[in-house]
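Listed after this line are the structures, all set down as structure tokens.
Presented sequentially are two complexes of subunit A, the first with subunit B as partner and the second with subunit C.
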Partner chain A sequence: MDSFLLEALVNGILLGGVFALPALGLNLVFGVVDVVWLCYAELVMVGMYAVWFLYTQAGWPLWMAFAACLPVVSLLGLLLHLFVVRPLLAAPPINQVLATGGVLFLLQGAMTLIFRTDFRSLGVDMPPMEVGEIFVSGTKLAAFCAALVGAALLWAFLKFTYVGTAIRAIARDREVMPLMGVDPQRIYLIASAVGGALAGLAACLLVVQLDVHPFVGLSFGPITFMICVMGGLGNMLGGFLAAFIMGIIVSVGGFWGTTEFSYVVAFAFFIVTIFARPRGLFAR
Partner chain B sequence: MSAALDRGAGTQAAPGGTLELSGIHAGYGDFQALFGIGLRVEPGEAVGVVGPNGAGKTTLLRVISGLIRPTAGSLRFGEQDLAATPAHLLPSLGIAHVPENRRLFPHLTVEENLKVGAFSPAARAHFAERRDRVYDLFPRMKQRRHQLAGTMSGGEQQMCAIGRALMCAPRILLLDEPSAGLAPIVVKQVFDLVRRIREEGLTVLIVEQNVAQVLRVVDRAYVLETGRVAAEGRSAELVADPAIRRSYLGGH
Partner chain C sequence: MRYVIPLLLALACVPLLSPPDYFLHLGVTVLLTAVAGTGWAMMGRYGLVSFGHGAFLGIGAYTMALLWNMAGLTPWVGIPIAVTLAALAGVLLGYPCFRLKVVGHYFALVTLAAGEIVRILIVALRDHTGGSLGMTPDRVPPDQGLLAMQFDKSGFWWLALLAWAIGLLAWWLLDRSMASKALAAISEDEDAAASIGIRVTREKLRVTLISTALAALAGALMAQYRMYLNPESLAGLGISLQIVFGAIAGGMYAPLGPTVGAIITIGLEEVLRIAFGTEFTGGAPFIYGILLVLFMIYLPRGIVGIVERKRRSAAAPLGLPVAAK
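Moving on, here comes the complex of A and B:
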């Protein structure tokens, strides 16, 4: 195979790993709470600012900035649930979408006020590595590995813990949960905190690859929603696999044209998928 | 073998309190389903609730396990005022409810279903031991422990649902139509199962449409009609009652 195409393919897989985290987080929250966090990419954006600020302005070591980012965004997810989602749990879905959409603009506006619209860069990069005939970005490879570790931890949490098992159960039948001794409200809070932590991890992995600005969410938010819908909303495994498909499409699509063109290909693929399989690629 | 019912390691099966309802009114929104129900279940008793569709039998169980709040009346289990207790705390008090249509988590394995049933902090510590007791009681569940619950037969699913309820080591087991939707041969198995559970000393309150079968298992029964207790008595008396025979037992 052409080595440039191979490189695009490898980059697509690496990109897919990073897309997978916000897709998992969004699906987790939707599956449990039954509300779509329209502002999910903006939670990631705030996390990116947190890392940038702590590292370049406050002078923290990078690993400490990363370690702080997770609880910060997790707390943000918790607050989002408590103050925006919980009061609207019984409301029509359109109100929930409008409210979390409002938070999207609120976060963009708040970050613009605090940090203005400048593009902020972390200025860290790892040297590229030569693997066979192709070059792989060290930063992207590290981000990919961290994303896989994050996904594996989430899987273990859902598979082996009591709370994780209850999370998988509540996604199917919330009404019966009190009979199991489960307080659904508490599970919603936990899922929101975990969903926030995943956004925080995604922020750490994106901030080393992208400059931060208040609207950076637009560069991965829409694609995250497409991935979730393609994998079947609420279907964690489907979303995880769809992230890699989307990553490869964006990366290989960009190989023949510009980055903008690669997104056109991705959206076209999405539209075709939704016509062919309206309930998602991996719907059973 | 009362081992399956122990509430903790090395303890005797807990004595359990009396379940006592009086003057219970309840419903859904504007629709009232229960009109002043009085009912009493002593520790160790098996009590049936029978009656036609829409009589309020399922609503009655849902009120006891806290899924619906009564609008009037009192609801006590031993010393505990259930009407003032959040529903998710009731399993820790020893009240287990096997809901209508079983409501298993079909995409989880048998063992994962049992694990959700042991969610209460008090139950988690005893998970392995209680799971093994459920497997003793239902060897079929042990064979199928890693199978998805939704892929099992109706009778097996009923076993799994009862097993899941036993994971909180209940003092009283509420069963909602355990025989519904099952083939006649399986219905017989399910009632054998209920008989075994009560022989182990567990208090049972069972709602059934299958009046003939349930009256063979329980000590006493209440007949519910349009949200009111129309009759009550010992099983033998009810079976002998001409009105009951005419309405529910297809006899004369």
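Moving on, here comes the complex of A and C:
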């Protein structure tokens, strides 16, 4: 195989790893609370600003900035649930989506007010590594590994803890679980906090690769939604796999054409997928 | 609707009073935003929530501008072509969606993807469209302005008013037709509607056609009025959500709702701009956001919706309001 194509393929897989985290978080929240957080990418954006601010302005070490980012975004997820989603739990789904769309504007506006529209860069970079014939960006590889660890931790949490079991149960049947003594409101809160923490982790991985500005969410938000829908909304494994499919399409498409066309191909692929499998690629 | 015709006549006389240019500018912007919102609400109120109406604004505007700049075709011909093309695109996207029962969240996200595709295509075709930097339609000397649809503000006031009237007329005709009842039934329960002989796909396609055509008309006129096009303000998620917000804030179940919404959104933007200047960039979306959340929680039927409900409950205390879906 052509080594440049191979490089594009490897980059696609690495990119997929980064897409996977927000896709997992979004799917977790949708699966449990049954609400699409349209502002998910903006939560990630706030997390990116948090890391940037703590590292370059407050002078914290990078690992501490990363460690602080998770609880900050997790708290945001909680607040989002308490003040926006909870009052709308009984409302038609589209009202819920539009309300979180309002939060999208709110967060973009707030960050513009505080940090202006300048592009902020963390200025951290790791040297590229040479593996066989191809070069792999060190930052991307590190981000990929961190994403896999995050996904594994989430899996272990859902699989082996009592709360995790309750979360999976309520995602499967939200009528019966309250009868079994599970308080759905509490589970919603936990899922929102975990979903926020995943956005925080995604922010840590993205802030080393992208410059932060208030509209950065629009550059990866739409593709995250498409990944979730492609994998089947609420289907965590499906979303995880779809992230890699999209990553490879974007990266290999960029190898043959311009980056923009690779996104057009990816989005068109998404639309065709929905027509072919309206409930997601991996729906049973 | 009784009060709409006198209102139209009154508004048509406004430029004769030679008001300040700034007032006319606000009026034209509000009217064109209202046309886009009216178009969106025609689908939105039947549960066909599109997050990609920006795409149709963009298709309308860029088709018209490219025809003018590259082929010298006047917008008078270019706009009908652009509107047709956008409506065609709407049907092309809508047909498989409706056929294959892509509804609810899935429909919203498919339209979101379509809107992004149009935005990225505009950026990618930068050799012709100017990419993110935008493009300007070629100007003509003032004496040829009529042919090239390049007027002063009062000319555009009448044009925008005409477009707004077309939007309201479309709404009124739809409301009076059986199609409106059929669509209401479909939004309640698609299978039940199909079982009583409603052609679900055809009804949805028809309303999509009208809705996207209105959006394209608004987009083309906005571009021609500003004499500037860029992908962020005419396609993509940002503008699509703004259209949705305007329609929801005003009330998407009443004919004048989206217009009230446009007055609120444009008014809010202007007030914030005048009060705080550029110091407060980001203030407008911040307040939009809060309002959108509050509207969804406390006033999901919008401002006009509240007024209408009050009036209806006064007239017929036992009448049930139409379920907000």
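By definition in this document, the second predicted complex is superposed on the first by the 284 of 284 C-alpha atoms of A that agree within 3 Å, B and C clash if a C-alpha of one lies under 4 Å from a C-alpha of the other, contacts with A are read in each partner's own complex, and residues count from 1 in each chain.
The working rule: a residue touches a chain if its C-beta (ideal position, glycine included) is under 8 Å from a C-beta of that chain, and two chains touch if they have at least 3 such contacts.
Predicted model only: the values in this text are computed from it and were never measured.
Trainee: Quick check on the superposed pair: does A:M177 touch subunit B, subunit C, both, or neither? Answer first, second, both or neither.
Mentor: A:M177 sits against subunit B, while subunit C stays out of touch.
Trainee: Going by the contact rule set out at the top, does A:P128 touch subunit B (first), subunit C (second), both, or neither?
Mentor: After superposing on A, A:P128 lies clear of both subunit B and subunit C.
Trainee: Now for A:Y263: first (subunit B), second (subunit C), both, or neither, which partner does it touch?
Mentor: A:Y263: touches subunit C, not subunit B.
Trainee: On subunit A, which partner touches more residues: subunit B or subunit C?
Mentor: Subunit A has more residues touched by C than by the other partner.
Trainee: Have a look at where A:N95 lands relative to subunit B and subunit C in the superposition and call it first, second, both or neither.
Mentor: Touch partner of A:N95: subunit C, not subunit B.
Trainee: After lining up the shared chain so the two structures overlap, which partner does A:Y162 touch, if you call subunit B first and subunit C second: first, second, both or neither?
Mentor: first
Trainee: Inside the complex, what are the residues of subunit A that reach subunit C?
Mentor: Going by the criterion above, the answer is residues 36, 83-84, 87-88, 91-99, 101-113, 116-117, 214-215, 218, 221-222, 225-226, 229, 233, 258, 260-261, 263-264, 267-268, 270-271, 274-275, 278.
Trainee: Over in the complex, which subunit B residues touch subunit A? Could you list them?
Mentor: Of all residues in subunit B, those touching subunit A are 65-67, 86-92, 96-97, 99, 103, 105-108, 112, 115-120, 123-124, 164-165, 168.
Trainee: Under the stated contact criterion, what part of subunit C meets subunit A in this complex?
Mentor: 47, 49, 93, 96-97, 100-102, 104-106, 108-110, 112-114, 116-117, 120-121, 123-124, 236-238, 241, 244-245, 248, 280-293, 295-297, 300, 324-325
Trainee: If we count contacts the way the header does, which residues on subunit A are in touch with subunit B in the complex?
Mentor: 162, 165-166, 168-169, 172-173, 175-184
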